[in-house]
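To keep things simple, chains are lettered A, B and C as they appear, and every chain counts its residues starting from 1.
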Amino acid sequence: MAVRSRSRSSRANWRDPWRLAGLLALLVLLIFIVYPQLWIVTAAFTSDTGEFTLDRFAAFAADDRFTAPLVHSVVVSLAVAAGAALVAVPLAFVMARYRVPGREAVLTLLTMATTSPPFLGAYAWLLLLGSGGIVTKAAREAGVPLPFDSILGVGGIIWVGVWFTFALIFLMVYDAFRAVDPALEEAALSVGSTPWRAHWKVTLPLAVPAIVTGCYLAGMRIFADFGTPMLIGGGYQMLPVVVYQNFMSEVAASPGVAATASIVMVLVSGLALVAQRRIVARRSFAVTGGREQPLRELRGLPRALTLGGIWTALLLGFVPHLVVVLTSFLRWQSGILQWEPTLDNYRRLFEESLQPIVLSFVFAGIACLLALVTGVVVAYIVARKRFRISGPLLNNLVMVPYILPGTVFAIGFILAFNHLPVILTGTALIIVVAYFIRRLPYVMKSIETALAQVHPSLEEAAMSVGAPPRRSFRDVVVPIIRPAVISGGTVGFLQMITELSATVMLYAVPWVTMTVVIFTNAMQPGSPFGVASAMTTVLLVSVYVPLYLLRRRYNIRSI
Amino acid sequence: MRYGIMLGAVTLALAGCSGVLTNNDAGAGQGDANSLTLYSVSGPEVTDPILAAFRTAHPDITVNKISLPGTGEAFARVRAEKDRPLGDVIWGGSSELYSANADLIAPVELPNDAATVAKDPNHVWHATDLLFQAIAVNTDKFPDASKHPRTFADLAEPDYPGGEIAFATPKSSGTSYSLLTTMVTLHDWEYVTRFAKNARLLDGSTAMFNMVKDGEVGTSFINEDLGAKWIEAGAKIKLIYPSDGVSSQIGSAGVIKGAKHLEAAKTFVDFLMSKEAQQTMVDQVQRRSSRADVSAPTGLPPVEQLKRAGVDEKWAAGQKDEILAKFDDAVKSAG
Amino acid sequence: MDISIEGVSKSFGETTALESVDLRVPSGRLVTLLGASGCGKTTLLRIVAGFETADTGSVRFGERDLARVPVWKRRIGFVFQSYALWPHMTVAENVAYGLRLRKLPKQEIAAKVAAGLAMVGLTGREQRRPGQLSGGQQQRVALARALALEPDVLLMDEPLSNLDAKLRIEMRREIRRIQQETGITAVYVTHDQDEALEISDLVAVMNGGRVEQIGAPEDVYDRPETTFVASFVGTVTLLKGEVTADGGLALGGGATVALGRPPGPPGAVVNVALRPEDLRLVDAGAQFTGTVVRSSFQGSGRESVAELPGGEHVTFEHRRPLATGATVGLVADRFTVVERDTGLA
């Protein structure tokens, strides 16, 4: 009797369409994440003579050339996450609760600020705050003391990191603050709590999942970034740089060492993921379809401070963009900026084919759709289903590409897809798949955060009135998470269209993207940076204009 | 219903695109024999003039240039693709890197090999230019010309007056590796320890070049052609060729093993060494020619005025791991 | 349509939520599942609804075995603790959603929505969004939504626990009225005994994954079958002791009380349940004598606790004030012998 019923209930489980969807998603991840990147595992556990060994890990742990960068990376990532949260959380709170003039514009700008001009972003800060930078020099000449000589160094990495990531945290936390049922705060007030106490004890804890997820994404972005430390670290060793150097060094590449360090990175970020999951899982749901937050008025000094804070943060977030746009109208000679206005950069750019603009949009567009579909499936399974094997597998696998340097990731792709049964190298498809897989983590995380705020009873209610799961998902879940899906998809798209490090390793003529053009014109110290700046400006404009229109179209109702 | 239509549209779009996207003519080169795929490590400021000259000389051959961030990345890509090579020619970076990756390169003897001053007996690399490294001093940061270094020896003085010396780690920078082997050849490992005391170690050569240009440090090293261009563009730097010996590299190109367009590739690499291309290299790129019959670009001193360090290439190429390990030790003992 | 639950068990990993539960809900009746949190009542309701699958056992609506019937085909109405209204739909759309899925004609949907909202007293709020309604109004919408499809059974999972005390009482009468008007078979989960006693035809008291007793509210209150039920439903004094040869009850503390009639055969160990209202203060002829340790005024009367010489506490009702420390004599007009000792709530 017992046995029969058990098999019956498991058969009922198999009818669940999510199980099939989950298996399909798992298959995709196995083919495009595990299979291509398996070589890293192999390299890390094989000695130079080809035998299984753990020596590389022992050597890693014993050598301060590796442990010091590891500690640096962890500390810097935590510092950046904390700093970005300190900027983002108060801003998000004020924006979620008070009537702020230009709200829609600010929100759109913040979405835009989640992407930095590829390749040139950190240069911009150097140009301003380096030892010979514009601001540094001006301050020196005006006799204004600065707390630093140059942005170069660990402080610079953190500074750039904070302004590079705070918008990510903001977007997640803002949605959460908006979603907190005002009744909960009113309840706290009614039992004699002061408003600030109520915020501290009620509102903030409810936003913790979003804050933690935002911090996690921000921290991981820095943890995996090798471009910024390489450019403005001034020799401050961070783990991604070590990995990169050991994979790609022209003098003495040691893939075994690099693979070992990569696996350590994956482990560390796995720990971070566990922590993030723990904290998010412990929290209850913020929304059950309660009331909307009313926006309150702000007057006088608080209003001035709020506006000042928001626009200062935005300005700092957009420093790279502004500098790049400005310098695209100046003459560069052998990589050195001349203070002469010119349109020459654009003339040279438009002499060449404009096909990269179209290709970038096509690649990122398709990849973004793929990421959205897969992201929704994975996020839904992770957030809702108690699948014992595929659930945790999906959740952990999907994050792997977030940590691997793009170049390393691309090497795996070439190794895996340059031979039968699947040949993708040299095609445009490999770029699309690479974008899709590399940026899936972000898309998936933002959908997961949104789903965590949709109480499961909303779907059960739909089923109880006769809607099959697919229908209830479509009619209930999708409309509720749509704003988050759109904003997650948008940020994902932005990150795809600005993807460079994997593209450079994978592209083949004629599949040249905008980032490749930018990179080609800025790759060497003496390269024509002006053309790169001009292409970046074209990229930013061509991405931001549709983004602005999209936000206008979709977000008015949700605000 | 609406969703159904949307889904259909997306499916159609995907199907349509994947048709276009998987067309791998260009990469795999199943197309015409008169095209070749070039993996280039240099920026357009180097490649464009010479590619333009090639187009004029060989209008029948199309060059598909793929730019890669550095020689390390380029060889990593070639290595990853080695079962089914997608590239035909790799161009840029110095000769010893080609020797170190000889298993990826097809040795071919080309007509113009004989005309170059540096020749590879194995015909793995083909010299396309000569690169000398100079000491670079930022004259804003380190204005006192009387104290500027004149030799490698000066850079290791205990009270070096120029502050920190930027130096890319030789593990990741070919330029630095060449400087290191020069230092050891001219002096010894004890010198390297003393030098390391004055040095600020950086992740890559780009940072080493930029830091002296931006005035982050007073002293650094630089490839002479870039230094000359920067001075011309107004950078406040001065190039000093050490009188105790100058390090140098041989800019190279090679034909990738298993290249699908072998003949076109050979034609291209041979063209890079031709007098015509070399003249363009000197006139427009401002790099030294690898041929004896083409003189140095204006702004760079003639080779005869420089004392070459005479590094033992076999040692430098063969004992790389040991040399790098010794460098690590020197850095450690320097504190 | 009646509901029969037979031998339903369910565990989540190591924890057993339900242990072979049998329950029958007669057609047209309202049964409450009453118990403390974690007793399995919500799990049982969710199995009936089809949100969870039982490990063993069966659930039937009438003659229909539901093992292979998914939620959306069970013809149920479900009311959630959290209301679970769809925030992106108006009140009318929330109620109409299930009707639309059935592809009913527009006019019919409109009529049913209007009738449903009228039944719960929300006419005129059709175009509001759930976010603009109070908690009580939201739960009324949820009720209208659950009933719009005229389901076979109505399942309610602590529907009132998010409301304030006064509204709770109002709403439970409302729910009872609507249930009786529609004549629907209903299962109602609550941890609130007052709620259970007031609205149910039958109360099933659950403890540790089992149903301890099922019966009319009066039966459960007056004739608890287990000590748990006795102590969970209402206030009770439970005295455990051995029946003496003369029909008295020898308590653990040493004292012996005479209860008017023997609570069992001599030598038997029994639990005697005494409701506060069954005890009467007397000046002479007391069955119990004790010292008042606590006394509280409750409007309609007073409830006090007396400590017997053996340390047992007895709760009783009375009208005139009593000082703590006073010695009182009590007589039990009636008492119940509880069959099984299953611990206290």
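Note that a contact is a pair of C-beta atoms (placed from the backbone, for glycine too) under 8 Å apart; a residue touches a chain by one contact, two chains touch by 3 or more.
Model, not experiment: these values are computed from the prediction.
A.B. asks: So which has more C-beta pairs touching, A-C or A-B?
C.D. replies: More contacting C-beta pairs are found at A-B.
A.B. asks: Compute per-chain Cα centres, compare each with the mean of all protein Cα atoms, and return the closest chain.
C.D. replies: The chain sitting closest to the overall C-alpha centre is A.
A.B. asks: If we define chain centres by averaging CA atoms, which chain lands farthest from chain B? Would you check?
C.D. replies: In terms of C-alpha centroids, the chain at the greatest distance from chain B is C.
A.B. asks: Taking each chain's centre as the mean position of its Cα atoms, how many Å separate chain B from chain C?
C.D. replies: 82
A.B. asks: Suppose each chain is reduced to the average of its Cα coordinates; what separation in Å results between chain A and chain B?
C.D. replies: Centres of chain A and chain B (C-alpha means) sit 33 Å apart.
A.B. asks: Using mean C-alpha positions as chain centres, tell me how far chain A is from chain C in Å, no decimals.
C.D. replies: 50
A.B. asks: Considering chain A alone, which of its residues make contact with at least two other chains?
C.D. replies: Residues of chain A touching two or more partner chains: there are none.
A.B. asks: Across the complex, what residues on chain B touch chain A?
C.D. replies: So the residues of chain B touching chain A come out as 3, 10, 13-14, 17-18, 20-24, 26-28, 37, 42-46, 64-73, 75-77, 80-81, 83-84, 86, 93, 97, 140-141, 169-174, 177, 200-204, 206-207, 209-211, 213-216, 225-226, 229-230, 232-235, 320-321, 324, 328.
A.B. asks: Which of the residues in chain A come into contact with chain B in the complex?
C.D. replies: Checking each residue of chain A against chain B gives 65, 126, 130-133, 150, 152, 229-231, 233-235, 237, 241, 245, 247-253, 333-336, 338, 362, 366, 369, 407, 411, 414-415, 418-419, 423-429, 432, 474, 504-505, 507-511, 516, 519-528.
A.B. asks: Under the definition above, what is the set of chain A residues touching chain C in their complex?
C.D. replies: 1-2, 5-6, 8-9, 12-13, 15, 183, 287-292, 455, 457-458, 460-469, 471-472, 475-476, 479-480
A.B. asks: Can you check the complex and tell me which residues of chain C touch chain A?
C.D. replies: Residues of chain C touching chain A: 49-51, 53-58, 67-68, 70-73, 76-78, 80-88, 97-98, 101-102, 129-133, 135, 138, 142, 145-146, 148-149, 155.
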